[in-house]
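Following this line, the structures themselves.
You will see chain A twice below: alongside chain B first, and alongside chain C after that.
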Partner chain A sequence: MAAALLRPRTLGFALLAVVLVIFPYLHGWPVFSAFISEFRTFNATMLAVWLLVVLSMNLLTGYSGQISLGHAAVVLVGAYTAGVLVDQLGVPLPLAILLAGVFTGIAGGVIIGLPAVRLAGPYLAIATFSLVITLPQILKMGGIRNWTNPSRGISIDAVQPPGLVDGFLDERQWLYYITMATAVFMTILAWNLVRSRIGRAFVALRDSEIAAEQMGINVPLYKALAFGISSFYAGIAGGLYFMVLAFVHPESLGFLDSILFLVAIVVGGLATILGSIFGAFFLTFQGELIDELATIIPEAEKLRGVIYGSLLIVVMILFPRGMAGFVQDLVRTLGRITAARRHGGLSSNPPAQDDTNGESDAQGR
Partner chain B sequence: MEAIGLAVAGYLDVVVLSTPPPPWEDPSLFAQQVLSGIASGSLFAILALAVVLIYRSTDVLNFGQGEMAMFTTFIAWSFMTQMPLWPAFFLTLLVAAAMGAALERLVLRPVEEAPVLNAVIVTLGLYTIFTGLALRVWGPLPKGFGPFTLDFLFFEIDLAGPVCAGEVCIGKLSVATFVAAVIIMALLFVLFQRTMLGLAMRATAQNRTASRLVGIPVGRMLSVGWGLSAAVGAVAGVFVAQNVGLSTGSLAAILIFAFAAAVLGGLDSPVGAIVGGLTIGVVRNLAGTYVPSEVGSVDLVVAFLLIVLVLMVRPTGIFGRRALRRV
Partner chain C sequence: MRTSRTLWLLAFVVALVALLAVACGDDDGDGNGGEATATPQDVEPTAAEPFDVANVPGVTDTEITLGTHQPLSNHPAQVFSRIAAVTEAYFDFINETQGGVHGRKINVIVKDDQYTPSITNTVIRELVEQDGVFAILSGLGTATHLTVVDYLLDRGVPDMFMSTGSVEWVKDPAARPNVFGAIPNYTAEGMILAQYISDTYPAGTKLGIIFQNDEFGLDGVVGIKRALSDDIEIVAEESYEVTDPDINSQIDLTRSAGSDVVIIYALPSHVPSAVRHARQDLDWDVPFVITGISANEITINLAGEGVMEGTVSVSIFHQVSEVEHPGIIAHLELLADYTDGFGANFLTIYGQYIGELMVETLERAGPELTREGLIAAAESITDFVCSVCLFSVNLSATDHDSAQTVSLSQVVDNQFVNFGDLISWEGVLPGDLTLDDLVTSPAE
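== the complex of A and B ==
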């Protein structure tokens, strides 16, 4: 029992949990203050939001193989649903975010998912592409306009910590804790989901619809379900996005963000939870990275598009499994080396497989 | 004079009158809007032809199509500062074709065997690369681009100004655009239906292994497909830029309509691209005229609804053939 608690995996997760809990205080501590500014708390909060976005996209595109170029639109719907609920109907924010997730999930499953059942890849890509281009105009149309207020957007006051913890936490830290807690909870949920019957059905669907059908998987149902679950995640992410930035506008998220989300899942690694985490880091820090690059290469700022595009193409061609694939290979190789050393190179046991069940190779056909 | 203003303004910005009378009370307004719709529809049709061409010959949907066309139009603009119109135009076509073929060889060949998603992602990469490059090389300010005077050996055609029949007018440029679209379609039709090259390209798109077995140089066919498509895109760009001006965003703005046109007609049908383009153009203009102004602008919504509607009723478009499922 004690041995189980000391396994590197368990220790790793415990360490991660501790870091996540103390992170918003680190900038005040003597050594850490040198390299962690208070602003990093906000970065970490956005990281949590992006994590949900990337997970949502990965569930749909990575695991289920359904191309979506309109994911920014789905997140925007979530953000706007939360915004309108708070602004027009006075719904409390946490409930509004939950409702945003449910509404977006149902809308995504029914409005996009059901038609998508009949669509082959390229047509689905066009449909989702046109959705993300059109959504701002829909949000500005008469009738809807009164709710969405396209000229100034919807803004709310920053969320205040409740009285109970007031004094221990400032509003920035409180925002971090509730956002990160939601993200961690939903990541664990996704982790379990992709290892469940549903997750395996998604992967089977992606690899071959016909084979999946033969194995008794209800293809239309699971396709719609993939859209529904993915949209639920995107809706929650959108609601949190609205809460963290306290603002939403019809042009808050557009086609270029959709491409960025795609870059994130590809660079992070398609169809892995680990890859989604890398992808979230990419989304959080890409702006800063390019600003840093701009100090070295003066044109970097202008070449933003070229950098994203090249990254997409290079990763797609050379590392189709993204960073997660790279890390998994590294772990596997290291494991093999240590196992070989322990058994004097005459190992009869195969090296311990790291737990990648369900995280099948995204290249697999 | 008013009619001229309407014809010139009516290409992309749909003119919204405050209270449009119904068509039966003002038939000339209706006719004018249909004609202007055909004018902008021709633009969508040419770009849709480029999309269809690539899809038909390589089975890939190119999201970078609009941006590639924009980029080659900027190249045309640069050539035109150095030499007369026709040499510049044909040189641009050559450069575009070479660029398309090179792109296929360099970035699409490596993902050829991978799932469709990978190729789509690569073309999205092309989208952002070409936007970024054009911004870097030519800057964000719009460039003046035509309308040109076409100098045929024995006569000249000035593309500026309208042609009128009674109260209804259409820009000469629009007529030229429409003619160009039909010529390209006819050429593509002949290519695909009447030549060995076209047959080999169709075979390549349908079944690569079988094509290799009968001795078709599959790689070369794919490069030819991309090269031709980039050249058609360049033609589209040249016409779009004459209509709406040349800037880094001018083709991205119509890509959704070109896609709508291609989907409406069926992604693998050149005739469908033209019919789809004109339909989208006309419907969009009529919606812009007769939808009450309180609703706001609806041009994108119309395209979106058409795409969704077509895909729900006929998932492979009106002229498209049903795709066979490969196991």
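== the complex of A and C ==
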């Protein structure tokens, strides 16, 4: 037991938990305040939101192999559902976020999932892309205008911490904790999901629909389910997005965001949870990174589209399993070197690998 | 499986303990470490306290740091990306020739938001919370700026002279005391263009309207309908989304509806191809009236030689074509000396106007510069005419709309030329504006 506690993996998770908990206070501490500003708390909060978005994309595209270019629209539906529930019906915000997830999940499963049964590959990508183009127009339609308020958008007062923790936390720290807690919880859920029967069925679907059918997997059901679960995640992410920014507008998320989500899952690593985390980091910091790049290469910030595109190509060629695959390979190689040294050069006994976690399923498609 | 469960349990316990420790630690540390965690509002000096420059974010004894969000990449960048560069150039000019304002040099941090609201959110927080800017100057775009306007209000950051004419911002200064406009609001502009159409074309003229389906276009349409004479019939109202690549099909629809005049509320990224489509593809010589947002030399160049000829719009500045005007001469010198050889156009003039207006506000705010002081200083501006402006800026506690006078303008020989009287609605907010409020006075 004690040995188990001291395993690097355990220590790693413990350290991660501590960092996540103390993070919003770091900017006030003597040494850390030199390089962490208050703004990083907002960064970390958005990182949690983007993590759910990337997970949602990854469940759909990475695990079940269905390409969606319209994911920004699905997230926007979640954000708008939460917004309308709070603004028009006076639903408490946490409940509104949950309902947004459920509503988006059902809508995604039925409205996109069922037609997706008949569409594959590029056709599905085009069909989902149309979502992100049409959604702003739908939100501006006469019948629902009074609810969606498309010209001004829906805004609410910033969330205040409840009385119990008021004084310990300011509103930004409180937002960070609830968003990050939700993201961590749902990441664990996703981790378990992809190792369950359902997750296995998704992977089988992706690798070959015909083979999956032969093995007794109900293809239409699981395709719709993939969209349903993915949309649920996107809906929750949308609800949190609305909560964090206290604002939503028909143009809050558009097709550029959709493309960025796709770049994020490829750069992070398809079909891995670790890859989703890297993808979320990419989404959060890419803007700043490119601004930094512009201080070295003049006008680099004007070539954002070019940078995204070339990054996509470079990653696909050099690291088909994304940053996650790269890191895993690195860890594995290092492990092998240490093991070889320990066994006096005998590499016949490589360290046990955690292949039960399905990370090696990634084909980098 | 058991180890995995233990792991999570462990992680949870560690998290809980750490949370408690941190929460208590912060409580103890509030007395001495409070400054580092305090929000800007907490440290704003109140009237009773003596002025201390250390308490004002973004201001030191030698420097003022401002921030802005602008599209430097993505499609509107080709037209808008130089505005902030010219504003910066003007500040450089002031810093070099006058040593800044009250001994402080003005510095602007320009962040690229790619004209994408989700990115605007991030860059504005970066400016306020990380770079600690004193104020936001002239953030560009309606949908983009909408997402941050309440955040800026919440944080008490002055939101000076934004580059959008959306009615929402300026209609209620009491609700948004930190927000100031810079360009004519779209409703007033729509009314003036509609009045021009009513006055110029005979009864029974058929009007086609093309507008962007957001606050920018819809505010304009409100103005058009409010001022259009009953003798003019609206035969087509075609909308488009800002993400659409062009509005050629909307041109086709207004043509098939039999329009005699077409008014377009669209961005400079859409107007040129639309006019070219009508002139060259359809061989249709319908008169066009366009929003002032798109009335600049870039639009003319993008459309091609002679294509925009005769198009009518509004202007608040002297035109680049007025080469004899001292303000325009000085503007050309500024561009030559402080930029990488930018060509002059309506938007470079606009960039200079923003710079002049901000410098005037800072001058009035005095050496003891605070955020409240800046807002009060802006509200005190009366009869300020910038070197390139047709109008005077008059602001007050109940009027945060800077530009309330326009002239009509028209493309003649591939250049915009102002014509007719100045039309002004000084002090009237867009919600209450009627035709009777429009006052004409002869141009100088």
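Everything below uses one rule, namely that the second predicted complex is superposed on the first by the 354 of 365 C-alpha atoms of A that agree within 3 Å, B and C clash if a C-alpha of one lies under 4 Å from a C-alpha of the other, contacts with A are read in each partner's own complex, and residues count from 1 in each chain.
In the analysis below, a residue touches a chain if its C-beta (ideal position, glycine included) is under 8 Å from a C-beta of that chain, and two chains touch if they have at least 3 such contacts.
On a predicted model such as this, the values are computed, not experimentally measured, just so you know.
The superposition on chain A brings chain B into a clash with chain C.
In the superposition on chain A, contact is made by A:304 with both chain B and chain C. Once chain A of one complex is fitted onto chain A of the other, the partner contacts of A:10 are limited to chain C, with no touch recorded for chain B. In the superposed model, A:129 makes contact with chain B only, not with chain C. When the shared chain is aligned, no partner comes close enough to touch A:271: not chain B, not chain C.
Of the two partner chains, chain B and chain C are each touched by A:140.
By the touch criterion defined above, A:27 lies against chain C but remains apart from chain B after alignment on the C-alpha atoms of chain A. By the touch criterion defined above, A:253 reaches chain C but does not reach chain B. When the two complexes are overlaid on their common chain A, residue A:61 makes contact with chain B while staying clear of chain C.
Once chain A of one complex is fitted onto chain A of the other, the partner contacts of A:38 are limited to chain C, with no touch recorded for chain B.
Stretch 1-9 is the one among 1-9, 181-189 or 199-207 where chain B clashes with chain C after the superposition on chain A.
Judged by the document's definition of touching, chain A residues 133, 137, 140, 256, 302-305 lie at the interface with chain B and also at the interface with chain C. For chain B in complex with chain A, the residues that touch the partner chain are 55, 61, 63, 107, 110-111, 114-118, 120-122, 124-133, 135-136, 256, 259-260, 262-263, 267, 292, 294-301, 303-304, 307-308, 311-312, 315-316, 323, 325, 327.
Within the complex formed with chain A, the chain C residues making contact are 3, 6-8, 10-12, 14-15, 18-19, 22-23, 25-27, 29, 33, 36-37, 39, 72-74, 77, 81, 111-112, 114, 116-119, 121-123, 125-126, 128-130, 143, 146-147, 150-151, 154, 168, 213-215, 218, 241-243.
For chain A in complex with chain C, the residues that touch the partner chain are 1, 4-5, 9-10, 13-14, 16-18, 20-22, 25, 27-29, 33, 37-40, 42-43, 46, 133, 136-137, 140, 150-153, 155, 158, 165, 167-170, 188, 245-247, 249-257, 287-288, 291, 301-305. Those residues of chain A that touch chain B in the shared complex are 61, 65, 67, 69, 115, 118-123, 125-127, 129-131, 133-134, 137-138, 140-143, 145, 208-211, 256, 259, 262, 266, 299, 302-313, 316-317, 320, 363, 365.
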